[in-house]
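There are structures below to look over.
Common to both upcoming complexes is chain A, partnered first by chain B, then by chain C.
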Partner chain A sequence: MLKQIVAVTAINLKSIPRRFWLSLSTVVAVALVVMVLLSFLAMSAGFRRTLASSGAADVAIVLRAGARAELNSVIARDQVRLLEDAPGVARDAQGKPLASAELYLVVDGIKKTTGTKANLPLRGIGESGAAIRKGIRLTEGRMFAPGSNEVVVGKSLLREFQGFELGRTVKFGTALWTVVGVFEADGSVFESEIWADLPVVQSLFNRPNTFQILRARLSGPDGLAAMKAFNDGDPRLKLDVKSEQDYFSEQSSQTSDLIQKLGWPLAIAMAFGAMAGALNTMYSSVASRSVEIATLRAIGFGGFPAFVGTLVESLLLAGIGGVIGAVATWLIFDGFSASTLGASFTQVVFSFRLTPALIGQGVALALIVGLIGGLLPAIRAARMPIVQGLQG
Partner chain B sequence: MSDTSLVRLAGVSKGFVKGKDAITIFERLDLAIPQGDFVAVMGPSGSGKSTLLNLLGGIDRPDSGEIHIAGSRIDTLSEGQLSQWRAATIGFVFQFYNLMPMLTAAQNVELPLLLTRLGKAERRTHVETALKIVNLADRAKHYPREMSGGQQQRVAIARAIVSDPELLLCDEPTGDLDRASADEILGMLTILNRDLGKTIVMVTHDPAAARYASRTLHLDKGHFEEKELAA
Partner chain C sequence: MNDFLLVRKNLFRKKLRAILMIVSILIAFAIFGVLAAFERAFNAGEDVSEADRLVVVNKINFTQPLPIAYFNRIAAVEGVRQVTFANWFGGYYQDPKNFVIVMAVEPETYLKVTGTDFAFTPEMTQAFVRNRTGTLVGRALAEKWGWKVGDRIPISSSIFSQKNGTHTWDVTIVGIFDKNKPQADTNLMFIQYPYFDETRSFGKDTIGWLVLKTASSAVNDQVIKTIDQMFANSSWETATDTEKAFNKAFVAQLGNIALIVTLVVGAAFVTILMIVGNTMVMAIRERTREIAVLKTLGFSGARVLRLVLGETLLLAVIGGTLGLGLATLATLLMRQSLSMFVPGLRMSPEIVLTAVGFMILLGLATGLVPALNAFRLKIVEAMGRG
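Here is the complex of A and B:
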């Protein structure tokens, strides 16, 4: 039986050149489906990774109770004072708490690629704001001087938006600021931000004594629990304390879920189209091979090899389409940089990321298209009445 | 009489339904063909010659009646059993050769052997022998498109005899060939019948072709009228 199946499948596949253009159209249709799916999934994965790499497990963040993002959080000055001295907060060599109260504002920027306006995050950070975060390195210039109208910018922001080159003057609100440094942050969301000295931001934007978030380095593995207990036990606080890692993964799951929820239905809708195309191609294939199929059956070959051969042809065409789609997506999009609105309605710059697991999903979808598109034609091939088939 | 017959049809009826009309091709047809016979079947177009051959080859089924061939009653076999029976018993030769265009002559001839237990080396010697019988040993590696119609039909004959079936069924085997090629093919069939003892049933429109057979059956309006060939 195996000899039969191998021989019939080989005859079947060798006849594909006769149906070259039709077969090619199936390959292309499947490739497009896979490209659409994979570009959405790569976008989602890239976004998730950018946010995941932003969060550290040993940094706690504090927001107003119920605030899911910084922009709608407020913390008062005395709450900041209390929390800086909370148990669980690490201290530096001088005994000062490693904590940074921050103010997070939205300013305008111009996207380089489209020339359109976009919201950019301007963050006023405390003295230890840079030290608390992991992987912050200045790649150009220097840190802003305390008390001055100076900013440092993340390198993704510099790449995607106009006018943030070192030494340039930018206008936010009514004040002018000078770019004195560029930093990188391990590919995290901070690379999409502008940082300045907190007191200067507070006064120039007329927001004295307001803070939106407190970041604190934790003293050890129990630090977070200690801070939470302290917060829960003091009626003046009642804020939300969580690890930075949890905060960012909550945020990323919302947006990357949304991207996936757009991507899959679109890809599946297209997959139905490709399936119809594959079905048509495979019915034509069976029709064009009917004399050969019937001749083999008359010689004594069984119907099952004709079924397998047809299905293999369908799977092969769809599989080739899947691989082409994956390779094309990879060539076009892997590492491709994009920006989108993050949870605080500011731009987050991230890269598309095509992982082997995603490619596996794309090829699996292609094979499902091939399987379903080939099934009925394969059954027709197996059941074709021999006399009718011989008449062509 | 039935004991010595390779082919025996008893009360075979066969019709087709075309839209609303039901047409009857055969009604209670009886036929016996002895082992080693070479029968030509002639008759007007649409008289049921191909249908008869399809019934004998087990690729079509009668509406009623019995078909016994080489000791098996085939009208009651399942599809799977019929396939195996065909592989062992029948060699088909078609008007348009029906070779696989993507396979060489040798690969085409090898196809029926893939249904046997023969190993690769044995299959190869069988293929060589069959191609030698049809005088195409030198064309083993050629593709059908590289051969004339007569040569392609010889490859098809090699394919039909390679697994040594008892009964050859040929539907207008020379219908698409010029006189010289046709005579060559018919000469070959005569040799297969006379020297290798193959029983042959050949449908033809060509009286010259029918003269190669040992007798001719005329099929008309569902019945046979036999003419013995004067020697």
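Here is the complex of A and C:
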């Protein structure tokens, strides 16, 4: 039996060149389906990763109740003072709280690829603003000097938008700022931001004594609970306190869900089209070999080897298509840099990420197309009446 | 027996094969229809915009404020016919998740400047101008929450708070308005700027942006230059642009939607073209002898060519029409649930026309090779073959 299966399968595969164009169209169709699916999934995964790596579990973020995004939030000066001394906030060697009150403004930049205006975040950060966040490293230049109109820019921002090279002067309104450094931040959203000294931003943007968010390093695992309890207990506060990790994962789910919700239905619809193609290919494969199959049956081969042979051919064609699609997506899109509007109304730069798990999903979809597309023709091959088959 | 009957019988002689091909074409056109509808909806702002309307925003970015004094100064600029302003409210209803588009507007002028987009009746205009805590609600928004004229509703802001500390403003619905243009979206509401400005705890006397109508689109460039020069080197510089350019730039910020749509639709069509094209070549080759018989009976080469092309055209039109029908159904179903992200999702006549064009192209492209083969077929050779 096994011998028969091997023999019939070999005949099937060796006869593929006879149906070269038809088989090729199945392979290409499946490859295109897998490409569409994987490019959407890679986009979604890349966006999610960027936001996921932005949020630290041991950093608390404080926003106005109901604000939901940094851009909307407003906090008063006395609230900042109270929170800096709140229980749960870590302190540095000198005993100063590791907290940074920040201002989050939107400024215009020009996107390199399209030449159109885009919203970029300008963040005024406190003295310990960089120290609170993990993985901030200056790759070029130096940090801005306190009190000066100098900025440092994230490396993704530098890559996607015009005019932020080291040493360049940028103009926001009437004020001129000098780029003195470029930083990286473990691929997080902070790499799409411009940072400057908080008091300078407040004065040059006509926002004296205004704060929007407070970030604080937590003293320990129960730091967040302590800070929340303090906030809820003081009627002057009543703000939203959450871990930075939770804040960013809320933001990432909206956009990446939307991308996935678009990607899967599209891919499944296209898969049906490809399946119709696979069915056609396999039916004609069976039809063109009907004499052969009948002859084999007449000399004592069973129906099952014919079934397996046809199914293997279909799975092989779809599998090749799936692999080609995955490789093509990887070559074209892996690491592809893109940007879109994030929850704070500013551009978030992210890279497409094609993970092995996603490739697995793509190839699985291809094999499902091959399986279903081969099943009915395989059954027909197995059941073919010998006499009718021999007549051709 | 006419040619159409022959075409139809030929197409469905192998029912399963015909159905499979129709299904693949159907899917390609369904994808095209839905994605094209999405793209149109994303760019609806561009369609709604009018040639003589300009938008003035802060030069730093449109989220930065401008002083209210600019309202009178811009009104005095030569070539400006009407001007109004608005402020983004960052609204939500009851829960921050229930995002609502609320704008605090200068009551009298705003309704005039946007009167071409929305159907404001004289009664609701009067009621809105007179009632400080009044609000005008778009039809789509009112239907979503079941609001009626006369209802008093609490609208909260995720940005602003009142002087007494609350984030919620109580407003009374004085009118529910419809749209004047099919592309316009009524999923929004307007409240009075004076009421909002006096009660908010910070940002007093600043506005978000100004919208103005010029005397004619011919003076647009002149007006843009005058306004931006007037405020150059002040601490609140402006960037003035046509409404169309402004909306276009905003949509571009979401990412290159048009490119994504083109790539996906392109991939779907290439797939279908190959599958159907190959299958048709094969189907015609199977019929070599028959075609030879037809030719023997006196069918001209041209007529045989027409028969084959007619078959692929029929196939494309059946599949395409069904696909468009499916796409229309899908957009109707998604319309409600996606009204927040992509308002105005609908199947427009332009999309249908484009699709019909694609059907004809697809029919001709897939039929070309087999039809030419049939056209060139020599009777003697064909009879001799298999």
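Throughout what follows, the second predicted complex is superposed on the first by the 392 of 392 C-alpha atoms of A that agree within 3 Å, B and C clash if a C-alpha of one lies under 4 Å from a C-alpha of the other, contacts with A are read in each partner's own complex, and residues count from 1 in each chain.
FYI, contacts are C-beta pairs under 8 Å (C-beta built on N, C-alpha and C of every residue); 3 or more make two chains touch, one makes a residue touch a chain.
Since this is a predicted model, take the numbers as computed values, not measurements.
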(Q) Is A:A67 touching anything from chain B or chain C once the two structures are fitted on A? First, second, both or neither. (A) second
(message) Between chain B and chain C, whom does A:L98 touch in the aligned arrangement: first, second, both, or neither?
(response) neither
Partner touching more residues of chain A, chain B vs chain C, is chain C
**OP:** Using the superposition on chain A described above, determine whether A:A29 touches chain B (first), chain C (second), both, or neither.
**Re:** second
Inset, instruction - Could you look at A:I11 and tell me whether it touches chain B, chain C, both or neither (first, second, both, neither)? - result: first
Query raised in the report: So, A:A56: does it touch chain B (first), chain C (second), both, or neither?
Result: neither
Quiz prompt | Which of chain B and chain C A:V182 touches, first, second, both or neither | solution = neither
Q: Applying the touch criterion given at the start, work out whether A:A298 contacts chain B, chain C, both or neither, answering first, second, both or neither.
A: first
In their shared complex, chain C is touched by residues of chain A numbered 21-22, 25-26, 28-29, 32-33, 35-36, 64-69, 71-72, 74, 105-108, 111, 114, 116-119, 172-174, 205-206, 210, 258, 266, 269-270, 272-274, 276-277, 279-280, 283-284, 338-341, 345, 347
Chain A residues touching chain B in their complex are 3-4, 7, 11, 14-15, 291-292, 295-303, 386-387, 390
Residue positions on chain C within touch of chain A in the complex are 16-17, 20-21, 23-24, 27-28, 30-31, 58-61, 63-64, 90, 92, 96, 156, 158-159, 161, 167, 202, 233-237, 239, 249, 252-256, 264, 267-268, 270-272, 274-275, 277-279, 281-282, 341
Residue positions on chain B within touch of chain A in the complex are 54, 57, 59-60, 79-80, 83-84, 86-88, 90, 92, 94, 98, 100-103, 111-112, 114-115, 159
